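Both complexes below contain chain A, partnered by chain B and then by chain C.
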Partner chain A sequence: MEVKIIEKDNVLTAVLNGRLDTAVSPEVSAALQPLVDQADKTLVLDCKELSYISSSGLRIFLTVRKAAAAKGGKVIVKDINSEIRQVFMMTGFLNLFEIQES
Partner chain B sequence: MSAKKYQLDPHCEAILEEYREHLPQFEQVKNQVLSLLKEVFEEVGLIVASIEGRVKTEGSLAGKLELKGSKYASLGDITDIVGVRVITFYIDDVDKVASAVDRLFEIDWENSVDKRKAHEIDSFGYMSLHYICRTEGFPYRFEIQMRTVLQHAWANMNHDTGYKSGVEVPKEYLRNLSRLAGMLELVDEQFSQIRSDLTDYRRRVQALVASGNLDEVQLDGDTFRSYLQLKPFDKLNKRIAAVNQAEIQEVSLMPYLAVFKAMGCKTLGDIDNLIKKYREGGYQIACYQIGLTDLDIISSSLGPQDLCIAAIVKNGGGKRDITKLFDALNGESPSNEMMAEMLLEQVQDLPFMNQ
Partner chain C sequence: MRSIKNNHNLVAALQGAAVVLTAVGLLFLTSMLQYSRMREMVTRSSYRRAQDNIDRVEQDFVRVVELVESAVRNNIWSARALVPVPDSLWSITRGVVLDNPIVYGSAIALVENYNPSKSGRLFAPYAYRDGDTIRSAQLGTEEYNYLEHEWFKGALEAGDAGYWSEPYYDEGGGNRLMITYSVPVRDHTGKLAAVITADVAMNWVSDRLASVDDYPGALKMLISQSGNIMATSPPYESMYRKSILDLSRDMDKASAFDAVNQDILAGKEGSRRVHIQGEDYYIFYDRMNKTGWSMSISIPEDEIFSEIRHLNRRMLGLELLGLMLLLVILLYTIFNQRKLLAVQEKKGRIESELHVASGIQESMLPKTFPPFPSRHDVDIYATLVSAKEVGGDLYDFFIRDERLYFCIGDVSGKGVPASLVMSVTRSLFRTVAGHEKSPVRIVANMNQNLVEMNINDMFVTFFCGVLDLASGHLRYCNAGHNAPVILSADASVVLPVVPNLPLGVMPSMSFTEQETDLACGSGIFLYTDGLNEAEDQSNNQFGTERMMHELDHSLSANQQIERLEGAVRSFVGTAPQSDDLTMLYIRYLNDSPMEKKERHLILHNDIQQIPQLADFVETVGQLAGLSSSLTLSLNLALEEAVTNVILYAYPEGSDGLVDIEAIIHKDHLKFIISDSGKAFDPTAAPEVDITLDVEDRPIGGLGIFLVRNIMDSVQYERVDGKNILTMSKNLQ
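Entry: the complex of A and B
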């Protein structure tokens, strides 16, 4: 699982690549810390290359959302695949995030 | 404006010098007063239009001293070096602000003015409450002005006429300003009245909701919010969560207001009936979807989401109707149609569809 952080025009994007499961969640959580720290900005979770998300992954997304809500930023989840979209729907997470498709 | 342009006698120069020496303290006190007020407003949940403060500039003080310097024995006699203004939305809130100021600072009542009470019964004009205050450890007094947005607007317009500049203003103009002050006074009162009426309405609705008379309560933003306080979807969400021993993430369910309205609900009773009728269907959909996964987190939006899907499909709704539900909840997306199609296939064989 790879996480790359890109900052451009006051937008912080985390490009997620691979499977976000329980095993990798501690390292992903740590890698996403810059988003939590700068949650007053627009935060983008770019999921184009994210193939799978577990409950641990959903919890990480939630942490980012909570930080943004507290600091006045916003979170955009971008380009989730149909399986992840289904996970979001099955858990009632769909309307928690602004979901964008490019 | 520089003080150098003013003709000041040695007495006034000394006052000005004292001002220069204490300027950092004035700034500090202004900031302290502003943050104390903000803090106390937040504490009591008082929302005001603005709180602003300023320290009189050297030029402005010099101008004042040039005009009426002999009136002041020392800098301490000038009470508006630090000036703070609180602008409220409602006329009742001016008194609330005043009581907060009274709680925080020592008020020099002799020099404080309630311009609202200064008018004769047949005159209308400047309406503002001015308190001259002291705070511990600071020898100089400061002024806090409190007024409503409309009173503030009138005061600014009045100021712009140059009424106080000594230039003769036509009587008709002044009469128009006075008429406007009277009108704004009425508008201010009406705003307060509307707020009180709304608060009464909300209380009545809350009482109806609490007593269970939901059929009598029209569905709107306020009533739905009150209804959600009863946690009507809790039972369903907990039942769904139990399937995977999942944790429930609480989220706002206000987006469902539009959904329930679109589904034809006109009263809270209609939603309550919908829950009773379709909660089993909603549970079966959720159970089917997460039962074979290891997902152990759900949002509190899941119960109402699946309940609405159950209601739609049970009433003969199709892909288009479920897509519309997702569009309303999650924003429009081509994927919503795809999910709706998949869902429709999944639910057909669930027991509630055949009961």
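Entry: the complex of A and C
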């Protein structure tokens, strides 16, 4: 699992690559801390290369989302695959996040 | 038992005593025989010795007699010539004494009134020794009428041959005890004129007798022809001139002694045993030629036999000592034998106990074949041959819920300690496999138990398998044991095994479970190193190559093992079996296995093991022919359920296992997740409201929500201290 943070034009983009399972969630959580810290900005979670997410990943997404809600920022989830979309649907995350397809 | 033993001892002791008593009896008998023989010999030798002595004395006497006789005879002619001149006879008598040291005195006694004018009625010039000088005396006085004396009368009677007198005490002549040789002298007219004599002092005879070398207590006696005692040694002068018949008259009328005296008087020789005054004597006697005297030697019997008595006593003493020694050795042997018997008895008891133990051990293992006569899907045969009475090898198998649980093991070491650990191991297997389905959990549980028992540096190599009889799916876990061999129509191949450590070595050891599928007609052959390491007399090992060569999948389990047994037997020959030999062969014969596939995974309670779960689900998905999308969903559900166990079932920092079993049916998929942690029912978690706003949405609780949503059914059970979560997904 790889996480890359890109800041451009006041937009913070986290590029997620790989499987986000319970085993890697603590490190992913740590890697996404800048997003939580700058939740007043526009935050992009680029999921183009994210193949899998478990509930521990969903918790991290929800944490970022809550921080943005608190600080007045905005979270955009980009390019989730069909399996993750299904999980989002199941869990009501489709309603909580702005999903974008590129 | 005790009294029988004591009887044995008593009998042995009595036998011993009888032997010794017989030996003592024989010893006394031989000793007596020997003694009487020796007495005979000694008597004979004493007789010979006495005869020798008598002969030697005789020779001396003869020499003296001849000397004296010739001294007298040599002067007869001078005496005849000088008889007419009586005074000239003095010189002759002096000459006889002077020339013959043996002669004490010499006389020439004229017959009565031979020359009255010159020498009166009696005239007898006499010369005799007095120390170194020679004195003379005239014997013919009225007080000493020699005419009446024996030496004079005897000579006249005897004539020219001369006469030896009996010993006499001559008071008028030599004034001492003496004997006299006398010969008549005739003058030139032929008329009897005188008697010429020579005296021999008897002290000389006594001295000669004393010098006879014989027993110190011997009485030597010289007896005249008429039976008078002439001399004795030691000297008893009171006896001199007495007749020997007087001796026997003085003493008790001992007929034997009388017989001796009669013999002596008769001039016979011989020897007799005589009883005189409470003592026994041997008397040897012989007449001496020439003189006509007899000599006797009386020896106290005690003295003759004292030496042999002494010798005999000493021999008897030595022999008795030897017998005592024999007795001591005998008793010692009996005592030792008793100890030996006790040791043997003890050994026998141990052996019989070992025999019983061996029986118990054997009865622990299934040994009725075929074990499941009504089943046609499995063919099993096994043997276990212990090198000693009790062994450390084990095998076991049983069927539970259509699964065959089996194991083989080898306890390090041999004998009783190994057999005890073997029994424990076998019991553990029965107990643990009675409720555990997974081989690795069975092995881990057994390992933990054995480690906690602290089995004294011993360990158990172990292989455990669980064969699903419906599908032929085999799950197994190896703990340091020889890898079994899979026999199939294609080939015999060694089953790939992760070696792992044996049981009882290390606590919390992570064992690995593996699995494979057995086709119909194939089998799994398990053995202990007693097979491949069986040695012939030159210490060559049977080896796995020979073993593989003897394996043939077409044989029945029984035939296969008998063939191997035969091969080992003929290889080993007469070499003693050095190790326990165990073989277990299981053939899977179900020709219509159910369309059911199984996969298993065992994880530790470590979150980092989650990727293994993903691989596992991937495999199951492929086996079941699922879409990747469905596989991912199932992956998610399993991850959530397993994460739950990993994070919450076991106390933090402790090691625990999560068992995941996937069963693929045609129309549905089943996952069974079990753990031995604290009781927790995830299905009891409250529902999640997915309609809430961001601010109100709780962070957690999504995991079990996802499981419920992905799976078609989720059930929780608490069985035997285990949490069992069964989830299934319909495939149609």
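Just so we're on the same page, the second predicted complex is superposed on the first by the 102 of 102 C-alpha atoms of A that agree within 3 Å, B and C clash if a C-alpha of one lies under 4 Å from a C-alpha of the other, contacts with A are read in each partner's own complex, and residues count from 1 in each chain.
One rule holds in what follows: contacts are C-beta pairs under 8 Å (C-beta built on N, C-alpha and C of every residue); 3 or more make two chains touch, one makes a residue touch a chain.
Please read all numbers here as calculations on a predicted model, not as lab measurements.
The superposition on chain A brings chain B into a clash with chain C. For chain A, the partner that touches more of its residues is C, with chain B and chain C as the two candidates. When both complexes are overlaid on chain A, the residue A:Glu98 reaches chain B alone and has no touch with chain C. When the two structures are aligned on the shared chain, A:Arg85 is found in touch with chain B, with no touch to chain C. In the superposition on chain A, A:Ser55 makes contact with both chain B and chain C. Of the two partner chains, neither chain B nor chain C is touched by A:Ser29. Residue contacts after overlaying the shared chain place A:Asp21 against chain C, while chain B stays out of touching range. In the superposed model, A:Thr63 lies in contact with chain C only, and not with chain B. Overlay on chain A, chain B versus chain C, candidates 132-140, 186-194, 204-212 or 294-302: the clashing stretch is 294-302.
Note: residues 54-55, 58-59, 62, 82, 86-87, 90-92, 95-96 of chain A belong to the chain B contact set and to the chain C contact set alike, using the contact criterion stated above.
On the chain A side of its complex with chain B, the touching residues are 54-55, 58-59, 62, 82, 85-87, 89-96, 98-99, 101.
Against chain A, in their complex, chain C makes its touches with residues 607-611, 614, 629, 632-633, 635-636, 639-640, 643, 646, 688, 690-692, 694-695, 697, 699-700, 702-703, 705-706, 709-710. On the chain B side of its complex with chain A, the touching residues are 246, 249, 251, 255, 286, 289-290, 293-303, 305, 326, 329-331, 333-335, 338-339, 342.
Listing the residues of chain A that touch chain C in their complex gives 19, 21-23, 51-52, 54-56, 58-59, 62-63, 65-66, 69, 82-83, 86-87, 90-92, 95-96.
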